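Two complexes are shown next, each including chain A; its partner changes from chain B in the first to chain C in the second.
Here is the complex of A and B:
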C-alpha cells in the first residue's frame, strides 16, 4: 500500500466531526438523555417558582441557559468517554491526527448538540412559561449559537482534562462553571432581550461581548488542547 | 575518491531512557540500538516494562529522562514525523465500539488521506478474514475479531516500523497462523518489527534480535 500523505488541519477536523456525529446518530443515547434531563430542569424551575407567571416570564432566558448549562456538563463528559474507551484517543494521536483538529471537532460537535438541544427546549419554554419571542427567530438563533459556542469551547478542554480523573463527574462542573459565568450572563441577558424586546438597542452590545468571549475561549482551547492530551 | 554512502540510522536508538509512573520506575536508564532492517523480540515478565517501552517508541508516552530516536528522528521534538512512520498494535484496540468494522477503518483512511477509503477498508478486512462482518458494530465482536480488526488498522498505515504488543493474544490457532504470515509479509516488505510476546519460541522464529527486560532494565535472557 502506498504511504499515506497527512491531511490538513480543517479537513481532519471535519473527518473527526463526521465520525462523532455518526456515533451520536447510531446510539442517540446522549441526545435522548440530554433532552429529558433539560426538560425536567425547565419543569422543576416552574414548579419551584409556583404559579407566579410574571416571574417565570421575566427570567425565562436565564432558566433556559441554566438548563442548557447543566445538560452541557453531561454532554461534554460523554463526548470524551467514547475516546477513552479502547484508548481511541491514543489511536487518533498516533494516526497522527493533529490535536488541534481533535479540539475543533469535539468543540463543533458539542456546539451542534447544544444548539439542537436549545432548539428543542425553546418551544417548550414558550409553552411552559408563557413567553413570546418578540425579536423573532433570527436573533433567537444567533443568541443560541453564540451562547452554545461559548459553553462548548472551554467545556471541551475541561472535559478532556476531567475524563482522566477519578472524580470526573464532579470535576467538570467545578472547573467549568466559574470560567463561563461571564458568557452565561451575556447569553441570558441577550436571550431576555430577544424574548421581551429591545427598546434601548442593547442586543448588539451583548452579541459583541459574546463574540469576544468566543474568540478568547476558542483561541485558548485551540492553543492549549495539545498540552492537555499529550503525555 | 568517492565519498562513502551515509549509513542508515538505527531503527530505534534508546539513550539512557527512563520512565516513571508516580513513584514506580517502569524503565530505568535503558540504552539500546536496533540496527536497520533487523527485527526485535522483547521479552520479560509481566510488569517488566515491555509495554511502556513500546508506547515510548510509539510516542504515546514521553520519557521521564533520556531520549529516543526512531529512524533517526527524536520522538519528542519530531513527534509527528515519527508517528507517520510507525504503527502500534496495543492491548487497547483503538476501535470505536458503536461504529462498524468498515466505518472504523474508513475514518482512519480519511484521516490518512487515502484515496477510496471504503475500498481500502474492504481490502484490508478481506486480508484479516473479516469479510462477512464488515457491517457489524465492533461492540458485537469477540476479542479475537477485535484483534484482527486492530491488525487491519495497523496495516492501513503502511508503517516503516511496526510495534506489536502481544500480537498473538486472544487469537485462535488460525488467527495465530495468519498473524505469523502478516508479520512475515511486513518483514519481507522492509518493515522493521518490534514484537513483545510471552510466546518466546514463536517470537524467536520471527525476530533476529532479542531484548530481555526485568524491572525496567535490560538483562541477559
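Here is the complex of A and C:
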C-alpha cells in the first residue's frame, strides 16, 4: 500500500488560510468589531486634540496607523484564540503538514484582515480629517500592504505565545509595541508622504526600511514558529 | 569556582568601584565645556556597556537554548536579562541626570535615547513573559524566541530612528580623550563588569534552583494541592 505524500508547504498554508477566511466570512465577528473599534479610535483622536483641522490633517497618517495598530492587537490575539478553543491547534499539529505552514497561513490571514480594515478606514480618514491623497492610490495601497505585513509577521508569533499565557490581553501589546517601532515609524512617515506629496523623493527609503523589516520578521517567524507551538 | 568567585568578587568589585570613582571625582580634570557635570560619565558609560554585554549574553543563551535545551542555559538567560535590565535602567537614569544641565532637558527624542527606552521596554516585556507562563518548559522556549526577536530588533530600531536628527554625542575613543579621563573610565568599567558577573552568578543560582524545584515538585509531593491537575510525568 502506498503511503500518501505529505502536503506541500504552500498548499497547506493556502488550505489553512482558506479555512480561516471561511470562519471569518461565516461569523464576521472579528472584522465587525475591529471596524467599529478603530473608527472610534480615529474619532477619539480628533476629540482628544480639539477641532484643529490643520493639526489633524498634518498628523493623519500617524493616527491612521495607530488605529490599525491598536486594532491589530485585538485581531491577532483573536486569530489564535479560535485555535485554542476545543484544542483545534492540536489537530493542526497532528496533521501531516509542515508546522511552518500554520505561521504562513495565520500571518497572511492577519495581513489580509488588516489591509481590509485599512481600506475601510482610509475613506473615513479622508472625510474626517480633511486630507487629500496627493500621490494617488498606488503608493497608498503599497504603504498599506507593506505596513500591515510588518505588523502581522511579529504579531503572529507573539500572539501564538501570548494567547496561551496568563494575562494574555496585557502580554501581547507589552511584547509587540516596542518591537514594531521601526515599522510604525516607517509606515506613518510613508503615509504622510503619500497624503501630502513627496517633493524630496523620500518615499522609497521608507519603503526600503519596511521591506527590510518584513524580510527579517517573516524569515524569523517562519524559522522560529514551529518551536512556539510545539508541545 | 562559583563559590570562590562569589567570595572573591565583592571586595574586588567594591575596591575597583571606589578607586575608579575616587580618581574620576577627585583626580581627573574637569571637562573643558561641561565642567564637573561630565564626571557622571564614569558611571553612565560603563553601566550602558555592561547592560549591552549582559543582554548579549541573553541573546546567546536564547539561541543556544533553542538548539540544545537545558535548564542551565534557561537560568543564565533569565539572570542575564534581569541584570542587563538593571544596568540599563541605571545607565538611562544617569544619562537623564546628566542631560538636564547639559542639554537643558531630562529627556529628548534623539535616536540613542529612543533606542535605549525601547530596549528597556522590550526586556520588561521579556521579564513579564517569564512571570506570566507557568509551565517551565514552555516558558523557556517562548522566552528564548522573544529574546532572539528582541535582540534582532534593536539594530533595526537604531538605524530607523537614526534618520531623524541626532543630539547624543558620538562615542569618544581613547585617542580623543585625555588619558587622565581614560584611566578612571577603564577602572569603573572593570568594577561594573565584576558587579555584573557577581549579580549574574547569584541570580543564576536562584533561577536554577527555582527551575529544579518547579520540575521536581509534581512528582515528589502527594498530589492533593493545587498541583493535582497536572498530568503525572510531564515536567
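Following the convention adopted for this analysis, the second predicted complex is superposed on the first by the 227 of 231 C-alpha atoms of A that agree within 3 Å, B and C clash if a C-alpha of one lies under 4 Å from a C-alpha of the other, contacts with A are read in each partner's own complex, and residues count from 1 in each chain.
One rule holds in what follows: a contact is a pair of C-beta atoms (placed from the backbone, for glycine too) under 8 Å apart; a residue touches a chain by one contact, two chains touch by 3 or more.
Since the model is a prediction, treat every value here as computed from it, not as a measurement.
**Q** Just chain B (first), just chain C (second), both, or neither: which does A:94 touch?
**A** first
**Q** Of the partners chain B and chain C, which touch A:85 in the superposed model: first, second, both, neither?
**A** first
**Q** First (chain B), second (chain C), both or neither: which does A:6 touch?
**A** first
**Q** Let me test your reading of the model: by the given contact rule, A:27 touches which partner, first (chain B), second (chain C), both or neither?
**A** first
**Q** For A:228, select first, second, both or neither according to whether it touches chain B, chain C, the two together, or no partner.
**A** Touch status of A:228: second partner only.
**Q** For A:17, using the defined touch cut-off, is the partner it touches chain B, chain C, both, or neither? Pick first, second, both or neither.
**A** In the superposed model, A:17 contacts neither chain B nor chain C.
**Q** Which parts of chain A are in contact with chain B and also with chain C?
**A** 230.
**Q** Could you list, by residue number, the parts of chain A that touch chain C in their complex?
**A** Residues in contact with chain C: 154, 157-158, 161, 164-167, 170-171, 174-175, 177-179, 181-182, 185-186, 205, 209, 212-213, 216-217, 220, 224, 227-228, 230.
**Q** In their complex, what parts of chain A are in touch with chain B?
**A** These residues of chain A touch chain B: 1-7, 12, 15-16, 18-19, 22-23, 26-27, 82, 85-88, 90-97, 230-231.
**Q** Along chain B, where are the residues that touch chain A in the complex?
**A** Touch residues, chain B against chain A: 58-62, 79-80, 83-84, 86-88, 90, 92-99, 103, 107-108, 110-114, 120, 137, 153, 155-158.
**Q** Mind pulling up the chain C residues that touch chain A in the complex?
**A** 66, 114, 118, 121-122, 124-126, 128-129, 132-134, 138, 141-142, 144-146, 148-150, 152-153, 156-157, 159-161, 163
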